[in-house]
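Two complexes follow with chain A in common, the first pairing it with chain B and the second with chain C.
What follows is the complex of A and B.
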């Protein structure tokens, strides 16, 4: 939805920067970063040495269990860390080495199933985590080695294709094939394997969310530190060279194939470790957890933060997971979602330049809404305006919303048409310029409110996914290098 | 492993020649659907070097648009038109709608990224796929909608199959029905039209030039943006037609149908050699037939693994595909 904030004064998309100096390419970024308290904070964080940044993060993260309740710690804290660790591994493959690995989630699944087979009643094997975690890492790493070894000659897109097929084959294998081994389905099919052992170290079991959280925090810190030094090392430099130009890297006598496989295997092993921990936390593993949707989430985290940046991965994981959990239907305070949604819209409009344009749009939208509501109430039967807002929090808020937004009752096809009209309006708005766009923005914003009240707010689960898809598109168009990534310059 | 081989041999023996023909027939029908979708992948890849992950979902939206028009016209039980104009209208609506959607997607999600790093449009495509899939999930509540073509054109009270399911001819006692002939022949006609368009018309020439070298083409006075828009329109139109065909033949449309079909069609495009139009057609038929035989002889739960396994092997042994040309890297 970021496209509302665009004004003619700011370039809509990164223009071709062929043959432009890095300094020139980043000038715009430096200018944009100049003012504001947020920018000051960003610069402060940037000025910190990496070790200090890491310590600050760990210090803040370890206070979470003391002020979040168990449910919130599980969904906001534990899963953010899990996603961050998972994204760290992908960052090695895609961010450091520039290999497009679309089968990453398969290694996550391999780790989870390895743990499930070695620590559950499925085959009656109960090994301690000290044995199973390394085995899960090794299993995922070995499969990654096999795939990477056979795919090492493949370039760019072909690697993406082969790994995507690998993921699909893995999903089909664990979900539908479920071959019989030793008298039992190996993967448990769509039901998966349940009742796994919790993580167990020296006879000490990690059962509470708090214990698991601190364990994962340690794992994350170790992984991030190791990968940070790997990136600083000779190998890390070689990866970057490989990413920027594989041909030139090869001409410089770098062992390109070995470097690619190394990155691939490190990524796979990290995913395997995360998978095993995930299985232990959930105490179950189901094939539905390792699909393309998860892959997209992990990619979104890495891309949002900025490819190749470890701090970016953490930021991406926080943003994506927190917004996901917040939009999820089971989260408390459903009325807050509404204010967050409207707040974001108002903020985007308020950021328009010059300022009076935003003011015109806001006032215009409010006026347009009352006019449209009065018009519909006057000419149409009462059922067109008699609906009620869901999850409004209080009766007076519900009344205020229903007085401004058209909420019909019992006209189900209205939802479909309103939604399609909104998508069409946003697409059309893109091709308008100047004051025409400002004028078009007013009904579009009102339509957004109508669609939110009628379609999106009653279906929070799907809404989260739709907003996620829209955010990916918007992010790519506005800032393809991610939040903390650096702009790349193509010199021809 | 031994048991699996034994099962395969056993089912080949028990199905016999008639069963084999049935599998081949199903495979060819399925394959022409895959081929139509694969053409879209291959055209877009040829011209933009972009893996358009949203293409499978455009196919899904096409199937839903067709369903909307089909039922608005009273079909299948009390159609307000006779069969041929009804089908033509359904196809037209789905094709134009899907084509328009494809153009909108290109304008909105891909065009701003023309000069961005390669991964950006890829992620944007994933975003579009996610967006379309979940929008349809939202609007349909995840329900399955059925074309119910079985009784179309027949008498609903008799319970006998309607016109679309009459037999045209039989081989080894196994029937080939009207809808199967319709799907295959419409598919072939569209592919022929596309081949003529690309090889004989000015637009086709411009497309080939743009695919060969976009920058050089634009220096030669070709409006490459317009060519790309037309490519997306045509590719999405083919996907829309495939969606209606699926609806008429299989019947069921649901929000998730585009994902696996798109992936398999994409597989077909890769087997044929991505970027090659005859390759996509041959690849589509091949994948359809392989899938059908895998379902018949190995079992439905293994068919996807067989297909993706063949694919991985194929990619490793011959990455440029059957018809692809060897790419030379220039520095």
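What follows is the complex of A and C.
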């Protein structure tokens, strides 16, 4: 290309670095390069053509049933796919069109209840899934149309308020109002509707987790492809234009209000489909499944993955669902949490520079622990060191931990003081410098272990949320644009 | 020359402030008309009225005899009125090419279902949209050439952003182009280039152009006719020389002699 050569006074492109557009264009690339392993992953995925990306994902995903047991396939495989598909729909509304829709989960619920009403004993209607799934999509889409139409002039915070209100209204309706229709409560109130039919196609029922998983994989692949194509079309461009600048979009011949409603409807229909499948898999639907907590999870997936990126949404769903299920108190692998926790601490210390500083801290912490334990054992009654480690996995591990960490038995206020001491130690650490800080790190790390063994490990439900939150904060700090998202620039 | 755009008795007030007051203006086909006037004269409001961003309190806006008043902005653009913005409003995080493709929304048809199925008709239309976008960008010669097309719009220099806004407006296939201060913030070389470009838009592109401009060299270089506004009222109209020497125009810009000195 000979773009610059004919313009007098402007040097050839390769030499002109400053003041030339390419320099600005490369800024993003340079930022991405500087991002470490996560950025490397992002660029690796970006380098693959979308079709290849999809095929690789499908190939890997279809091997899961062969090496996961049924329980794990259900919680890791099935739910990751369900959340991924659900997040794809939200991505249309939030990622493509830039509308802050906090009512999204209501459409998920509408899909679930539609399926429950049309394929269960509740009203004795037993339509096959081939009919109920499209009806659930249409029902959710229609409600999306109604909500989108009434909120079409709203943007940003105002849209968020209206849609959040809509979600709460939906929960109140299905949980509390439960109007009587044809002699029965329509939504079954807090008990919901149980004993739903399994997904049924041409008389063939999908009852095993494996069958449901492959069905969901097909649904996911179709939804992802359709939404990818939608994004690559004039409508997709118009959505992005509307996200960038609604006024300019309107002036450039795009009917902004209609496009917003369309995004709402497409998102709602996707959620409706997911809701119906979810209800069929669970064989029940209750109002408690469609709350703000689910909304936050779906938003976390979309934001963590990278707003507007379909591959990002899938990766986000994997990261969030897998870690969430893994950390869940009823997870089948409670001991792994401890190794994740200690592993993260050791990794952080090992990354200290220079390397011997990290070594000093690690060895120091181990020695400090045994010394502290021996000291307490010598001066205090036995009950101060007689506690046991929770969920240690093996007896020898439990003993090693109890020999190193002070775990009192029957001194419940100790937990509170340990916690306060840890917070105080971290605050104090911030005002120290150099080797003093290194030295201060040793008791702080030990206190962290004490708090883990006494406070966090025995309360897995709370701990899971804390760890989950910490992970999200860490990931979003490293890559604010999301794992596979592109950083958006707002300069005038 | 037949009148393409006719404004008759156009008025707009914000509260008690009359921004446009009983304005008549005619733009003939293949003509370049400049609107000048001091800051706050109502020039940009005039553009907002024509493009449907505001609704006039009174008066008519006729494009080829068809009244535009009351139509939503996107439909007015589809009828053949496209504009650029004084304070650049590009789709910054979309690529240069996508910006010019996006604005063809109104004159293309394929709906979301066909897009999701990627039907042959949809792919054909996409190719046409892309070809048209490339054709519009090619109008700017080496300034907006190929290697830039896939860069995000925010990577462009200020002058190139102004060019891209014009290209984006051109892609809606307008009959009349409304350029709001196209030379603002440009250096003298760029300003001269722009003057040539606007002439070229009329001569080669066949556009009718209504332009707001403060740079009198540009106004002199491009205008077939000049209309001067002050406080929402048209105070003069005619050739550049006639308007530039008009006493009321000089007053509007510089003030009355006595008060200016005093």
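Just so we're on the same page, the second predicted complex is superposed on the first by the 369 of 492 C-alpha atoms of A that agree within 3 Å, B and C clash if a C-alpha of one lies under 4 Å from a C-alpha of the other, contacts with A are read in each partner's own complex, and residues count from 1 in each chain.
Here, a contact is a pair of C-beta atoms (placed from the backbone, for glycine too) under 8 Å apart; a residue touches a chain by one contact, two chains touch by 3 or more.
Just so you know, these numbers come straight off a predicted model, no measurement behind them.
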First (chain B), second (chain C), both or neither touched by A:472: first
Touching partner for A:423 - first (chain B), second (chain C), both, neither: first
Contacts of A:226 with chain B and chain C, given as first, second, both or neither: second
First, second, both or neither for A:255, with chain B first and chain C second: second
First (chain B), second (chain C), both or neither touched by A:435: neither
Partner chain(s) touched by A:234 [first = chain B, second = chain C, both, neither]: second
Partner chain in contact with A:247 - chain B first, chain C second, else both or neither: both
Contacts on chain A seen with chain B and repeated with chain C across the two complexes: 247, 488, 490
Residue ranges of chain A in contact with chain C within the complex: 1, 3-4, 6-7, 9, 19, 21-22, 24-25, 27-28, 226-227, 229-230, 232-238, 240-241, 244-245, 247-256, 262, 266, 486, 488-492
In the complex with chain A, residue positions of chain B that touch it: 49, 51, 104, 107-109, 112-124, 126-132, 134-135, 137-139, 259, 263, 266-267, 270, 300-302, 304-305, 308-309, 311-312, 315-316, 319, 329, 331
Footprint of chain B on chain A - complex, ascending: 12-18, 94, 100, 150-151, 153-154, 156-158, 160-162, 164-166, 168-169, 172-173, 176-178, 247, 292-293, 296, 299-300, 303, 307, 415-416, 419, 423-424, 426-427, 430-431, 455-456, 459, 462-463, 465-466, 468-473, 476-477, 480-481, 488, 490
Residue numbers on chain C that touch chain A, as the complex places them: 51, 53, 72-75, 77-78, 82-83, 85, 87-94, 98, 101-108, 110-112, 115-118, 122, 125-126, 129, 142, 145-148, 151-152, 154-157, 160, 168-169, 172, 189
